[in-house]
Amino acid sequence: MLLKKEYETVRRRTEQICAPLKTEDYVVQPVVDVSPPKWHLGHTTWFFETFILIPNAKDYTVFDPQYNYVFNSYYESVGARVIRTNRGNLSRPAVEDIMRYRKHVDAAMIAFLETTALTAELQALFTLGLNHEEQHQELLYTDIKYILGHNPLFPAYDPSRKDISPVNNPSGSWLNMEAGIYDIGFTGEGFCFDNELGRHKVYLNDYAISNTLVTNTEYLDFIQAGGYQDFRYWHAEGWDWVKTNQAGSPMYWYNIEGQWMHYTWQGLQPLMPDAPVAHISYYEAAAYAAWKGCRLPTEFEWEAAAPLLSWGLRWEWTESAYLPYPGFAKAPGAIGEYNGKFMISQMVLRGGSEVTSPNHSRITYRNFFHPSLRWQFTGIRLAR
Amino acid sequence: MLLKKEYETVRRRTEQICAPLKTEDYVVQPVVDVSPPKWHLGHTTWFFETFILIPNAKDYTVFDPQYNYVFNSYYESVGARVIRTNRGNLSRPAVEDIMRYRKHVDAAMIAFLETTALTAELQALFTLGLNHEEQHQELLYTDIKYILGHNPLFPAYDPSRKDISPVNNPSGSWLNMEAGIYDIGFTGEGFCFDNELGRHKVYLNDYAISNTLVTNTEYLDFIQAGGYQDFRYWHAEGWDWVKTNQAGSPMYWYNIEGQWMHYTWQGLQPLMPDAPVAHISYYEAAAYAAWKGCRLPTEFEWEAAAPLLSWGLRWEWTESAYLPYPGFAKAPGAIGEYNGKFMISQMVLRGGSEVTSPNHSRITYRNFFHPSLRWQFTGIRLAR
Amino acid sequence: MLLKKEYETVRRRTEQICAPLKTEDYVVQPVVDVSPPKWHLGHTTWFFETFILIPNAKDYTVFDPQYNYVFNSYYESVGARVIRTNRGNLSRPAVEDIMRYRKHVDAAMIAFLETTALTAELQALFTLGLNHEEQHQELLYTDIKYILGHNPLFPAYDPSRKDISPVNNPSGSWLNMEAGIYDIGFTGEGFCFDNELGRHKVYLNDYAISNTLVTNTEYLDFIQAGGYQDFRYWHAEGWDWVKTNQAGSPMYWYNIEGQWMHYTWQGLQPLMPDAPVAHISYYEAAAYAAWKGCRLPTEFEWEAAAPLLSWGLRWEWTESAYLPYPGFAKAPGAIGEYNGKFMISQMVLRGGSEVTSPNHSRITYRNFFHPSLRWQFTGIRLAR
Amino acid sequence: MLLKKEYETVRRRTEQICAPLKTEDYVVQPVVDVSPPKWHLGHTTWFFETFILIPNAKDYTVFDPQYNYVFNSYYESVGARVIRTNRGNLSRPAVEDIMRYRKHVDAAMIAFLETTALTAELQALFTLGLNHEEQHQELLYTDIKYILGHNPLFPAYDPSRKDISPVNNPSGSWLNMEAGIYDIGFTGEGFCFDNELGRHKVYLNDYAISNTLVTNTEYLDFIQAGGYQDFRYWHAEGWDWVKTNQAGSPMYWYNIEGQWMHYTWQGLQPLMPDAPVAHISYYEAAAYAAWKGCRLPTEFEWEAAAPLLSWGLRWEWTESAYLPYPGFAKAPGAIGEYNGKFMISQMVLRGGSEVTSPNHSRITYRNFFHPSLRWQFTGIRLAR
């Protein structure tokens, strides 16, 4: 049965991501944007319990009524929640309790899927639950990297895992796109998030977009040319960010006795020169582009050119703020809180990354983060 | 001589705005976004001294070399500056010293204009200086209102001054705009800011836009319907803002023993029911629109419809982030810091307000503020 | 062999305190004053490794050179340290690694004690190490209580453990002490901390001191009489603390549907009326005393009366700031950082508590905390 | 009539202190501990109006009922007050209004004194009001120095005013004091504050106390010996303070191109080598003493030796926390808030300073500040 198989595939993958961890690694929250891995394990489970099982599965027994308080993320409609900064203070529920919670909900979901013909609405909710869990799979990777990569012992996540291999096209070339009207937004069958809907026309002027991502070597040139010391390349807010954080390189880069190292899945390693630069803020992406005499593409320019580009290694900062498409409408109820309420003070990222779940992204996919954030695998594609 | 007259008109108007103040009112800075009036008086003068007189006027004697340190606002190219939060700590230079500074620079400017044929570049700089001073004229009004309106004695600015009269069309009607390609951005003769340049085409879908601004009475309906207590109308960031600031009404509104009052140029007065609501954040504007089942217009929708609208009483929040137009380029040198470096984390406002200097705004004018700010005369126009 | 036995007794007790914990409980740091249990386990071990083994035990192999960075607490002399707020971000070293670290150091210490005749200086350092570990035993208890007692699931530490039994003398009587010169400070054989040294004379006026601690019931009277709402009983700093923290009861007290509960070693339980009140700040102790028309004793009054008192259930806030005795001198080297550098902005507590290690305290013992802290078992004894 | 003359002498002196100021100088509050001079002028007047005229003078007309809100400092008993950090935001009441307020209250006070025989209680309140105003006279000096001395133009307060002349005894000698019982606290006729009362015996051990204050030159030796870079001399809290504030010299010292300058009443001047060091925190005083192998005297040691010392140039930090004397009791009512509620987290200073009002201090006088504060004329006397 297809749904059941989809469900199990996604759910098992989440647990596999966590397999290399020690129990202690599941617990900590070094900064507010990072959640403890055990919280992700519980929260994704809570989603299925709260939105599918409790309202629809007769005889379902809630695993623990207090878990709603612990694992709700930001759904104001669904009761009180632990304030976000407190997640890393919670030693309980223990990892083994959460694993039992997953088993409990999984068994109930399987039974539910085996015995119930889903309505279209329920089917949509189910698919949303899987895509939601895939989003948390990516967050698990980035949060685990943060937790281990900010530990003074620099432990490897999985020494056998290879980091991303160098890209093939170290010297990028430019793709010229013609002015005209382009269609933007999701169309066709299959799942998409509400923020991709409202397919609409956009007029684009002539532009050129690079067919390759900026590499570590190219970014190092910017550092060595004094890019972090010259305010002219930076937004005012970015310049404040540089000074407040004494930023001088991407996150996870360390200059140790003159050699540039970076923290990777295998621990601290010499910088890989041809890999696409990662873990940079929007401010850094924009400053790099300004230094090169270029700019970042808008999300519309990106989407129009995407079929001609190789993408998926980095989430690519765009020069577009995260705002609703024409005709965007929130879903009714708690699910409606999913995307719309974040449409302010964030920038759009397009593409995907080495830790995005398989088949999760697409060319209409709109990721978004605050311009200062760097713990995602964020990178740079130039436009002009 | 035209330039001389323009110069004197603008410069005198600045001083007239300050005429009702007591010396003490020139000094304070109650919040970081508000500058002391005496700082505005000095800073606008510093602009002419630094960018026109010092580089171009032979034999010009700098009034006081330390003033560059005190009156530079944010031009990183022009040396150290007093950090912004400190402006309100500076009792010196005294108001009378700054008035002498203005006279000194004015005399030199008049002499310069009388004796020098301006190059096109100098002419542009001169016009920029006047428009810059007009921007600070508006800030003088809004900062003075903040200073007096947050004083527990609620002193009037000028009892003889009438507040804005009620708008004529209390019940708004909708203007339907057709889908298609529209031209956006400044064109033609005359002055504009760099952020208006790069005239370009934009495709707009069908939309409707209100031909009137939301009034105090209409906004009061939102308050009384519990709008500030229902998270569903708010962005997540806006909801945090409501709770952190315990916001429950526009700035300057006070509910005194059951009656709504607001602080005006004449002091505390009963709320004017038909005046367009003012002093609201973007969050409030967007929440009000959501509550009405509408939305805010984009800046492009606004500009396309503007010739058909009555505007100029309020700066109207749009659903557009402040980002560069295609082809935007910074000017070289310090002047290039004027606009581009603020193109992040701000929302665009269009229109003008009751305190915008005469002929200062236009339909391509792009004002911008952080979504939380309310001390400007900001208002709401609905779209759908 | 006595030293070996002492060593093993203390070291085993530390591990027994942690025995009821789950691995996750060892990791978190909910507030800056609480350290993760695994940090205590490592830090106490680091003390013996750093101050005894490394300088004195030939052929000792450091377990892991990076542990100095992780487990140093505040000894500026001994290299860089993890800044204190970061302890709860560190998932590694894992608990099992730290347990291996303890075994490694224990084996080396036992071998060292078996083969080496300790000099007087080394003997002193050894005894200091044991007393240091006993201090951390108490912190383990109070930190574990904080970690579990601030978890929304309120897990029990050890359901079989009885909380402190009610005191015998619910209505306290007063002990009258005569004015005169008293000797203060440690004298005699055995161990004491450097802050107890400098035995000296103090003149005390006539005073009376209660022979019993204030009970929960008595403290509840203060709450119910509006004590937390009446500024007259509070220091200005205490009143700010009440308002900032919205304090209305001791830490761990919860009024649930009209019934007062408190978090205990067995989880959330009805308030024990006759137990001595615990987990209060100095501000609360002083406000309670003021409300009763009394005051807190000075540390000198306490010490002079102590032989006549029953003490040891609560650390008793005194009206004495933590300052050096006449003749106080820091020890040379890192050990000299132990006490003296904290002699500012803290108040002295005398006595001991239900979780103080056996035989660890004495009547000359000077404990000290900032007046706002409540996570220790702090209580009140009145004087007048 | 004596009372009337006393009143007028004190009141006129306050205004004379402000005479060299420009209107703007009366308004600003650069840090929370400094109040705008116009606030001092109003607050001292409010004291007489609130505590003497309103309750006692028939037919007295309150000058402005809103002034209670503006000029109350910290008397919780007397209604709402402007929160302290906001004082510098208030441009109104204007200086001229406050001067009229002073005249209004002065006229009423004179009339009251001329027509009323004061009860003992009223007499005490009257004297307290004068001493209160004298305390604010000193604060006026120190706050004015802060306001002008933190302005980038470094304006002089009064160029004709001589700074304190060098002390006569540059090389200090030691005064040996014998162990024994000493009487501490105020006795005799005349005014004292409540915190000096409760005369009581204290036992002091043998000690030595310097008969001279530490000079600028001596303190410079500490700086040049690296005192601010060596944690061993500092309390842990002091060391954090050094690092957070990047402290490297007393307040108002500037090293300009290799020469040490300090801000004085005449503006920026070369450091006066023989003047007693001023404007240091308790942390700095204690660190200097530690570096010299000495310590600070306790307030009791100071008071016992004071008749043999020359004092009055600097407030001398003591190694005593500000705590109640045995038998200390608060006065009933608002006046009782004067001293007792500050008896926590502050250190005692003894002596007086070059800006203490004439005859205001005495050897039993207990001044107190938080250990981090430096804007008072604080200095160092060594003990051992």
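Labels for the chains are A, B, C and D, by order of writing; each one numbers its residues from 1.
Quick note on the criterion: a residue touches a chain if its C-beta (ideal position, glycine included) is under 8 Å from a C-beta of that chain, and two chains touch if they have at least 3 such contacts.
Which chain is which protein? Per UniProt: A, B, C, D = Ergothioneine biosynthesis protein EgtB.
Bear in mind the structure is a predicted one, so any value in this text is a computation, not a measurement.
J.: Which chain has its C-alpha centre farthest away from the C-alpha centre of chain D?
T.: Greatest centre separation from chain D goes to chain A.
J.: Counting in whole Å, what is the centre-to-centre distance of chain B and chain D, each centre being its mean C-alpha position?
T.: 44
J.: Taking the mean of the C-alpha atoms as each chain's centre, how many Å separate chain A from chain B?
T.: 37
J.: Rounded to the nearest whole Å, what is the centre-to-centre distance of chain B and chain C, using the mean of the C-alpha atoms as each centre?
T.: Chain centres of chain B and chain C, defined by C-alpha means, are spaced 57 Å apart.
J.: In chain B, what residues contact two or more other chains?
T.: none
J.: Can you give me every chain pair that touches, using the contact definition above?
T.: Chain-chain contacts present: A-B, A-C, B-D, C-D.
J.: Which residues of chain C touch chain D in the complex?
T.: Of all residues in chain C, those touching chain D are 74, 76, 179, 181, 200-203, 205, 207, 231-232, 234-239, 282-283, 286, 295, 319-321, 323-324, 326-327, 341-345, 347, 371.
J.: Using the touch rule from the top, collect the residues of chain C that touch chain A in their complex.
T.: Residue list for chain C touching chain A: 22-30, 38, 66, 69-70, 82, 86, 88-95, 147-148, 150-153, 155.
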